[in-house]
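What follows is a group of structures, each given as structure tokens.
There are two complexes below, and they share chain A, which is joined by chain B in the first and by chain C in the second.
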Partner chain A sequence: MDAAALKTRRKRRELILQTLLVVAVALIVWAAISTAQTKLDELNMTSGFGFLERATGWAYSFSLIDRSIDDSYSRTLLIGFMNTLFLGLICIVLSTILGFAIGTARDARQLGLNAVATVYIQLFRNLPLILQLVFWYAVLIHMPGPRQAYSLGDALFLSNRGMMLPALNVSPLVVLGIFACLVLLGFAIFRIKSLQFLHKLGLWLVASIGLTLTLASMFAPAESSMFSLPVQKGLRFQGGLTVSIELVAMILAITLYGSAYIAEVVRGGLHEVPSGLTEAGKALGLSSRSIWFHVKIPMALRTIMPPLGNQWIFIMKATTLGVAIGFSDLFYIVSTSITQSGQTLELMGLLMLFFLLINYSLAQIVNFINARLALKGH
Partner chain B sequence: MAIASEYTGSSDRWGQLAKTLKKRAFRSPSDTLTSVFIFGLMLYMAWMLVDWALFSAVWRAEDVEHCAEAGGACWSVIAARHRLILFGLYPYDLHWRSTLACIAIVATVVLSCLPHFWSTSKLVTLWIVGFGTYVLLMDGSLLGQAQVTTDQWGGLALTLFMFSAVVLLGMPMGLLLALARRSRLPAVKGAASLLIDFIRSLPLLTTLFAAAVVIPLLLPDWLNGDKIWRVIVGFALFFACYQAEVFRGGFQAIPKGQFEAGRALGLTSFQILSRIVMPQVFRHALPSTINMVVVTFKETAIVIIIGFFDVLASANAAFGTVEWAPYYIEVYAFVGAIYWIFIFSLSQYGEYLKGRMSVAKR
Partner chain C sequence: MATSIAKIACAVAFAAGVAAPVTAFSKSATVTEIEERGTLLCSGHNGSYFGFVEVNDKNEWKGLDIDMCRALTTAILGDPDKAQIVPLSWAQRFPALQSGDVDVIIKATGWTMGRDTEVGLQFSLPYFFGGTQFMAHGDLGITEAKELDGGTICVEAGTTIERLAGNYLKTIGVEHTMVSYEKASELRAAYLANRCDAFAAWGPFLAVLRATELEKPDAHIILSDQLSNEPIAAAMRQGDEEFVDMVNWMIAALLIAEEEGVTSANVEEMAANPPNPKIARLLGVDPGMGERLGIRDTWAREMIAATGNFGEIYDRNLGEGSPYKLDRGLNNLWSHGGVLYAPILD
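For the complex of A and B:
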């Protein structure tokens, strides 16, 4: 047999193999769907997304917007999605900041700083996240009640009811407006070409604090002050902002765990910066702070960014652990909806869709940052 | 100078240490101040911890009434409840069996860290023997002992069972997925890539929940099996999708010329894979594989959410009575120490291997 004949035979064999695979997968999917249909018929369940308009009839722990037990499933799921995004974003910001600080300390020449960072990383990275979460939750529910709450300067209280913080004395709508203004301000500042990234960040932080205070004083009710402080009244607190212990425990656990991982990523990135560059910086008489800001971090960010993006995605996924302590994240809402409504397949589909959406958007953000960081002409 | 210091005795090593300390801790007055402050604080905290855990602690279960006034840890709760934490609801007088079974798994993990066992056949045999010993001992029916079914397994024993089952099942699945992703056939490659990317972009909890709750709807009843096996297979699939990427990294380290050389020698594709490529892939992928195994052990703790009585659930049960309720910190410290020692030593070993291999490459 000549080579051409052998080649056609192989081609044909490969084609048959692939067709078989596709047919087998299609058969399995079809069998699964028909089994599901007969089983659902036995249970008298109607499939489809009609249940989304029904009222849920059950309560849950946390929401950013008004909620009641008469809410429809679609609104409740939306609240769960918002909670996951909210918690995830807070944890991403906090653990990135903390991770950079600890990673820098881990890379430091100073032996003491180095030792502290090493202990921190080894402690929090080598324990399961869920163990840390239930531990912090247990510590928080064993806190004293509101009467004996720990306080910091009579403005911040910690008790088994949660953490009470001073808040701006404005309506939620105004808060949303202020938030939108800050985002717009951020975009405006980041368009300025002549400034460096970290200067832009600093300028934005200072400007946004100023803007927030001005707007808050404009919209605060006439006869009361701009801030609302938590005040203990009997068994509860009035005024201020109450952060539930579930949310505190989630933020604490995910931030500690995530920052330990990010610190290792940052240390790796800083370690990759050629020592010749830092020495050149020293020879030019730059302070160690300038070397960090203008030599090490800009160089290291290019190695740090891809694994950092993975850590951000991990943090978003880690919010699903909220179900262990009763924080109403998306997974909690979906699993409760499944036990209450029985629409398993539809709800699991929605859950997966939401997570694919979150991951895809985060990946796009990371790609965007990577593209901005890439060296020109490379 | 540097060479000389290697041959002069221990007095010079102290000199080296002093030099390092001078450079890294006492270079300037402010440096010294920082060092003294930080190390003082760390020593103080370490002392507080040791005092709490050892010197002021109450140890015996009978002394529980002293716990309230003692300033330290109340290990009485561990003394009284450690069997619940370690073995869950396993019949009390058969605990020797679960002890031996746990030792079998730990021994398997430790032995597979030894370079002597680093060949595919030896590792596979080792893990099958270790896992088989575990199941034989825990179940007991084949040994002529009283049978104990999986629903009575619990505590650390259940955690170790799920962990080893996931690794044992997931490793070949990961290899298959990695090979499928490298396939020349677009349908095979596409299907594998889709599955891997899909599972990897979902949280582990979603996969496990789907295995526990959704699969019974999709499969006919005779195929369903126990919930524990469904969850293990789901977890193994999750592990396999990550491990496939680790293997893929290993494959990428093999120069293309080796495949071509193999083909030129007239070897079949299977021979090229099993004799030339795979041994190298395993070696390249080893540090990342150890990392994956460590992460899997850490993630096993999540099964408490799906409703399994793992070590975390049994820990919660251990301080679940009125008598022991105040000593939850001791129980979590005990469970945390078990996890930490296991994870820390394995991941340090992975780091060591990574360092050793990068030296070998040079």
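For the complex of A and C:
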């Protein structure tokens, strides 16, 4: 037999094997679905997504938009989805910033700085996240109550109910608009080639504040202040923005834990940068800041990015711990919905779908950044 | 007609040499089983559910529900100590009853349609009423839920209480934030740390918690609102109507005794010299009380001597004689402003 015939045979064999695999997977999935269907019918349990339109009848601790016990299950699930996304994004941003700082400190030559960073990483990386979360929550809820809240200039309050911050006196839609403007502004400024990174950052911050104030004064309702300040009234604070203590605890715990991991990733990345490059920078008389910004980080990012993406996905998944302390993330909403409505399989399916959606998108973003970072020609 | 058939049946039984009691009334299979075993198997708890089913420092069971078990045991077997308490979790209680691990569940169990039909249980007369209530921090200076406006309420996640509380507060127009926890221990810790202004739970549980578990009971107040009212009854397996009769009349006898002023202290005196025909019937001076259930005529007398009437049981476990000092409230006789009543003893 000649080589071509052997090749065709091998191809055919591979094709058959792959077809068999696909058929087997399809069969297993079909069997699982049909078994579930028969069992549900036997137990007289209703299945399907009709319950999504029913009112839930229960309340929960946190939402970005208006909520009520008359909300349908679909709206409640949407709120859970938004809460998870909101919490996850905040934690990703904060722990990435903190992680880069700690990782750099770990790579530093100064003994003191290095030791502090090492202790930080070992402490937060080696304790289970749920334990840290329950610990921080216990600490936070033992702060004074709303009537004895710590206050800063009567505008910012901290109590065991949460953080009460001054807010802009505009509708959530306007806030979203302002936020979008700031992001666009950021992109515009960072495209300016002639400025240094820190100068760009400073410019963006100043411009952002100016823009926000202008827009807020334009959209604030007539004859009322541009800001809404929290004022203690009866059992609660009215006005301003209340960040519930559960959210604070979640952000704190996940950020500390996540940043310890990211710091190790960053340290590893910085370590990979050939020492010759840093030495060359020194020989050119660059400051250590310039070396970090223009030599080490651009080189290290290529090694940092893939594991960093994994950490981001991990942080997203860590939001599901909210159920332990009463923070209404998506998992919490789904698990309460299951006990209250009994639609276990449907809700579990939705939960998986939502997380797949979030984390798959995140992975795509990371892949995109990776592709942009890749050295041309490699 | 039925009587004569029963008589013939009895005669046949005698002829066959079976030691059946001479009675014209059919006897419960469960009661026969309990008599043969010599003990009554009753539901306990995996731990202490204070006031109802608890273990004291001498490792003995006590509580309102335990005393009801002991009363039933005395009625059937003549000795309260023949009650055998089987520790069960909340989730285990119904399967344990169905599989015969216990004869009866007397453990703060609410009478619901699902349990009555799907779970296949049979409920007795309700002997206790308790509903969902709020407990709030005393320093707020409030007495009813209306004043909770703007407050934070803690509840256990995924319970009927979660929905009841949300619905009630919405109905009376109280704006609030609801924080729900998966575990009771986290809920309690959050309430004690003042994370929430109020905490919603089963009223008697809150009252007992306040009286014993909290360091300063006076620093907490149970608000006057009653969100629901659950009838608490003994649960039995379906299919033994005679046993249901037995348990119903055990509860009835405790209530009638309280109504008529028969207590553990004066029961012998009353039996020796019954002040009215009802008491004479109750205490077995006039025959019929036991015969109709297939047991001894003096069962109620022995039971009251052993455990006291319902009022005594309540006072000892939840009321003045207990650390909890709960008011009788709804759990008083109808003639004293409560909702408890007994069927007619004729």
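Here is the rule we go by: the second predicted complex is superposed on the first by the 293 of 378 C-alpha atoms of A that agree within 3 Å, B and C clash if a C-alpha of one lies under 4 Å from a C-alpha of the other, contacts with A are read in each partner's own complex, and residues count from 1 in each chain.
By definition in this document, a residue touches a chain if its C-beta (ideal position, glycine included) is under 8 Å from a C-beta of that chain, and two chains touch if they have at least 3 such contacts.
Computed from a predicted structure; not experimentally measured.
Once chain A of one complex is fitted onto chain A of the other, the partner contacts of A:130 are limited to chain B, with no touch recorded for chain C. Residue contacts after overlaying the shared chain place A:359 against chain B, while chain C stays out of touching range. Once the two complexes are overlaid on the shared chain, A:335 sits against chain B and chain C alike. In the superposition on chain A, A:40 makes contact with chain B only, not with chain C. Contacts of A:142 after superposition on the shared chain: both chain B and chain C are touched.
Of the two partner chains placed by superposition, only chain C is touched by A:160; chain B is not.
When both complexes are overlaid on chain A, the residue A:194 reaches neither chain B nor chain C.
Which of chain B and chain C touches more residues of chain A: that partner is B.
By the touch criterion stated above, A:275 is placed in contact with neither chain B nor chain C.
Touching of chain A by both chain B and chain C, each in its own complex, is seen for residues 138, 142, 323-324, 335, 338. Residue ranges on chain B touching chain A, taken from their complex, read 21, 23-25, 31, 34-35, 37-39, 42, 184-188, 191, 201-206, 209-210, 213-214, 217-220, 298-302, 304-305, 312, 316, 328-329, 332, 335-336, 339-340, 343-344, 347. Across the interface of their complex, chain B is touched by residues 14, 17-18, 21-22, 25, 32-33, 35-36, 39-40, 109-116, 119, 122-123, 126-131, 134-135, 138-139, 142, 313, 317-318, 320-321, 323-324, 331, 335, 338, 344-345, 348, 351-352, 355-356, 359-360 of chain A.
On chain C, the positions that touch chain A within their shared complex are 140, 148-152, 154, 157-158, 162-163, 166-167, 170, 176-182, 186, 189-190, 193-195, 197. The touching residues of chain A, counted against chain C in their complex, run 57-61, 68-70, 138, 141-142, 145, 160-161, 233-236, 238, 244-246, 323-326, 332, 335-336, 338-340.
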